[in-house]
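Note that subunit A is present in both complexes that follow, paired respectively with subunit B and with subunit C.
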Partner chain A sequence: MTLALPSTRQEAWRWSDLSALPTLAEQAPRGGVIDAHDFWIGDGPRLLFIDGHYDAGLSRPGPVEIGRTGDASDHPLARLAGGDGWVLTLGHDHAPSGTIEIVHVATGGASHLPARITLAEDAQASIVETFVGDGWANRFTRIALARSARLMRTVRLLQSSGFQSIREEAAIAEGASLVTILLGAGAAGTRIDAALSLDGEGAFAEFGGALLARGDQRHDANIVLRHAAPGGSSRQIWRAVADDSATDSIAARVEVARGAQQTDAEQSLKGLLLARTATINTKPELEIFADDVKCAHGCAIGELDKQALFYMQSRGIPPHPARALLTRSFVAGALERIGEEAVRDAVLADAEAWLGEAA
Partner chain B sequence: MSTRNEEAYAAVEEQSRYKWGFTSDIEQDFAPKGLSEETIAFISAKKNEPQWMLDWRLKAYRRWLEMESPDWAKLNVPPIDYQDAYYYAAPKAKPTLKSLDELDPEILATYQKLGIPIEEQKVLAGVEGSRKVAVDAVFDSVSVATTFREELKAAGVIFLSISEAIREYPELVKKWLGKVVPQHDNYFAALNSAVFSDGTFVYVPEGVRCPMELSTYFRINAANTGQFERTLIIADKGSYVSYLEGCTAPQRDENQLHAAVVELVALDDAEIKYSTVQNWYPGNAEGLGGIYNFVTKRALCQGRNSKVSWTQVETGSAITWKYPSCVLAGENSVGEFYSVAVTNNRQQADTGTKMIHLGKGSRSTIVSKGISAGHSNNTYRGLVRVGASAESVRNFTQCDSLLLGHDCGAHTVPYIEVKNPSAQIEHEATTSRISDDQLFYAMQRGLSQEDAVALIVNGFCREVLQQLPMEFAVEAQKLLGISLEGSVG
Partner chain C sequence: MILKIENLNAEVDGKPILKGLSLSINAGEVHAIMGPNGAGKSTLSYVLGGRPGYEVTGGSATFDGQDLLALDPHERAAAGLFLGFQYPVEIPGVSNVQFLREALNAQRKLRGEEPLSGGDFLRLARGQADALGLSMDMLKRPVNVGFSGGEKKRNEMVQMGIIDPKLAILDETDSGLDIDALRVVSEGINRIMRKPGKSVLLITHYQRLLDYVKPDFVHVLAAGRIVKSGGPELALELEREGYAQVAA
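Take a look at the complex of A and B:
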């Protein structure tokens, strides 16, 4: 398949840099022995994918099956992710034991992998996905949550080079809840795409995270969160940190359809620039067709608060640790939304590792 | 009511005696329908323009031919046939009416509410035989305008139609025309550059504080600026000028497309205040007819400590596409944008601003109030960009939307691009409606529902309205109430 990539002239891609993809798509993965040991958090079901291929030997999939997802998307990157992938289907009131962990290891080249998550009424699950290695990892996840189902997703984007593109499309029914928190650290370029639709009354969606970039790294998120039914609420909390000549871009849109009254949508996009040459772009967009709604968005971009730094120094904390402490608390604002302690600690540790390198 | 307000009303009344005096001379000949190099040569010849101006227009036209109409705005613009329009003088082809009784009763009612004298109503509506009145008014105001001209001349301020300026001050025009909004900036700017009919030229010399508010009302020779207006204002070092544009009375105009370009230049320590009240015909309740208002307005704050302040009250037009912007190139330069945009029935507005921070210590403030009612759509679209070398930039943006009714839409599309860590950028937005409690409180105090809505809406817009020169503010307040009539309840 020839690679047809969107251009920056297209509104949804105006801050993207996909220039690395054609080369990566041509290359073949190196393969070899991979040690994924360090990336497992708990003892629940786990799946290991190497360059998009399932490694049965090192996995214990629990309720997750490998097979055709049968989904197609017309999204320019997601449509590349066809074929076999992983499928999680949970029946009524069902919950797997423990957090499901999926580690994607890339060894160069390109890998495309679809996934499908279907939760029946009152079902619950928590999934952590971790991306490591190098190369282009392209993922497409389709999610359907039935009434009162609950899904907690955590995505760690930790590749040391290459590119990670993930696309999430979700339909959330009455009273169901979807929470997705991402951490973009590592050193690879990132494109995060999501189209979430709150289709049922009183549905809840949260999509946010922390994007940490240095060198000439680029994180680029484009989120569309649609309130299609009344009484829904949503949160998009993002924290972006850019150092050196890196760029973080976040375009987050809330759409309130006609009739989706009593919507409560909140967006908070904050950026922290650590260097002169770094860039942060944000676009907190609202599209509202109902009159009885609460939609607030806040956005702030700047450097570390000089007064806070001065205060800490006056208390005997040297400048360097003071900066690190403030940056850490800035980032934690988005990551503390992760519900499970073990997962939260692991993600905070990833962020910490990144921040430590800055020191 | 306080005496201050009485004075304001008196001032409005005073002004309104002159402001409709300017209608185009119907005997003027006009270029044939359609757009071609011949049409442009005709316009240029008609205006006795020098060769360089014609070349400039033709260059713009050739660029325009290669450009595409922008489609990124949240607007539904029907295809425009550029060959099915007149580009010179034919505008103002208002339907001739025998008496005011033939006028759309809605427009008539609005005239009455705004307190426009009956003779002026006739002029506005284009009633047969009313030209005499207009001529009288013109004569009247010619003398007024001349007195003002004398006073301006004494101060050294050049205030002319752009056609006159091209002839009388070619060097100044050549130096600045198209510098802030280049010909190829966008589709409509290119079109305007090719065919602009007339407009205003203002030059305020070094150190001069313009002795009066300049307004299009008080200008002769530029009556027919309607369709493709071109405005160029240059404030030299240390000068100040306040410029008012537009009018509050609704006007019928068969020109569907209005594509104006406004360029402002502020040099060291200069300040320009530009206020607009726009109330072009918005079309009827079903969205038929109405003006397309596709305007490019941009200011270059080139000098140190220069300042440009845009204030706009947009209530008219079927479709509005307008982003008054500031390029803050000078050190410590200041850009401001205060906007109220009201849409009702089937109106569509996509409006906002761009603040491009390039100079150290530059600051900008954006306050945007969008009010949507009926089946309308109102979008705020703004850009705040901080260049890598712009240290200590500050921006504060606030966009509030008010929705009246279930069928309208309010959208906010802010772009924030920051390349310098010392920048402090804040953006806030809210979306709300008039609560039943507010309405109930106002009504149990004896206000009718419409008055209550008008009061609450005026409160919502207060931060912007208080930026307007006083007489404009009074008119604008009345206008807001009228624009929203019938939208609640």
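Take a look at the complex of A and C:
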């Protein structure tokens, strides 16, 4: 298969750097003994994928099944993720006990894996996905939430090199709620794509997180969130931190369809530059065809507050921890939205580990 | 001697502000510096604290036998210097408790001491907060965010009580306080700092703080230098006759 990748001349890909992908796509994974031990958070169902292959021996999948998802996407990266993947289907009012954890370990090369999450009325689930290792991990997740279903998704993008591309497509019915919070840390490049549709009245969607980049790392998020029915609410809370010559880019679009009255959409895209040579791009977009809507959006890119830094140092905190403490408080605004304490603590610890590595 | 400043010159943005300032403070003494607005009082406290942008162009400052000006701001704190800010800074997202515990333990680490446990720290913080009429709830909130002017100044004193410095330089800690808050804050200063071996440099605009925290020495700072020094009676003289008269 020849790899056809989008060009940066396309508006939705202008901030992307996919240049590493053709080489990774040619390489074979190294494989070998994998220790995923450090990445599990709780005692619920867990699935381990190594280079996109399910490791049954080290997994206890609970309600998750392995098989065809039957989904296709015309998204240029997601369409590569066909074949077998993982499937979570929950019936009416079902809620598995414990958070479902999925760890994706990459050992070089490329892996493409689809996933399907279907929650019937009033069903509930919480899923954490963690990406570690190197290579190109390409994932496509299709989500369908029926009336009043609730899904909490946490994505930890922690690979030490390579590339992570994540595409999420979701349809959210009446009164249902989807919350996806991502942390881009580690040292690999990322491309985060989402197309979420609030199809039912009073639906809720949240998609946001923290993107931490240093060196020449690039995080790139491109979100389209569509309010198709009245009374829906959405939140996109992003915190981007860039050091050295790294680049974070966030394009977040809200569409409010004709008739989607009483929509309440909030966007907060904030950037923190830790070096003058780093770059943060934000592109908030609103396209509104209804007249009774509340759309709040804030964008701000700044540096660490020098007054606060001196204040902290004058109390005895050395420069490096002072910077880390201020940066941590900045990103916490996005990560504290993770509902479960254990998951939130784990993700905050990931962010902390990244901050602790700062020079 | 705890602090010895000799012929200190400093500039901000290339503009000379301190122009040959000398001052000596012994352990156990309370000194007050008074002076008109713009005289350089806050500049002196920032220079002693090591604030970036406040450039020393001449002279020296020795703190407890060390070259103060050679130390980084956090090292000055660990050596026992505390700055009470005229305008305490707000730090959204960082709780007072977290901030102070990190500060205290960073100081202890630099001094080669063991860190304080969470429980011991909370006990210490609660004691200081109680004494200054701040609730633990407030200490759990982000540093100074949403605090009134008076609460910020009390919070400075809570911090001072927890950190327990050798020398406190308090920049207009009395400004913006009503009479009750002034009494509480003054009692705090006396309780925390009126101990053998500890010293205070009070920077103030008004005599009234000195009714509560009695200075041993009073200095007049004008145009970047100490132009007159005396005992507590000098403060009363300034109050009566004004800076222009006394500093002339």
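Heads up, the rule we're going with is that the second predicted complex is superposed on the first by the 355 of 359 C-alpha atoms of A that agree within 3 Å, B and C clash if a C-alpha of one lies under 4 Å from a C-alpha of the other, contacts with A are read in each partner's own complex, and residues count from 1 in each chain.
As a working rule, a contact is a pair of C-beta atoms (placed from the backbone, for glycine too) under 8 Å apart; a residue touches a chain by one contact, two chains touch by 3 or more.
Keep in mind that this is a model prediction, so the values were computed, not measured.
Novice: Considering only touches as defined above, state whether A:Ser314 meets subunit B (first), subunit C (second), both or neither.
Specialist: second
Novice: In the overlaid three-chain picture, which partner chain does A:His37 touch, first (subunit B) or second (subunit C), both, or neither?
Specialist: neither
Novice: What is the contact status of A:Ala300 with respect to subunit B (first) and subunit C (second): first, second, both, or neither?
Specialist: first
Novice: Which touches a greater number of subunit A residues, subunit B or subunit C?
Specialist: Comparing subunit B with subunit C, the partner touching more subunit A residues is B.
Novice: In the superposed arrangement, which partner chain does A:Gly271 touch: subunit B (first), subunit C (second), both, or neither?
Specialist: first
Novice: Go through the superposed model and pick first if A:Asp292 touches only subunit B, second if only subunit C, both, or neither.
Specialist: Only subunit B is touched by A:Asp292; subunit C is not.
Novice: Is there a shared patch on subunit A that both subunit B and subunit C touch, and which residues make it up?
Specialist: Of subunit A, no residue contacts subunit B in one complex and subunit C in the other.
Novice: For a test of understanding, state which residues of subunit C touch subunit A in their complex under the given definition.
Specialist: These residues of subunit C touch subunit A: 49-52, 72-74, 76-78, 83, 85, 88-94, 98-100, 102-104, 106-107, 110, 142, 159, 163.
Novice: How about subunit B: which of its residues touch subunit A in the complex?
Specialist: 72, 74, 388, 401, 403-431, 433
Novice: Along subunit A, where are the residues that touch subunit C in the complex?
Specialist: Of all residues in subunit A, those touching subunit C are 305-308, 310-319, 321-322, 325-326, 328-330, 332-333.
Novice: Flag every residue of subunit A that touches subunit B in the complex, lowest number first.
Specialist: Residues 11, 258-259, 271, 273-303.
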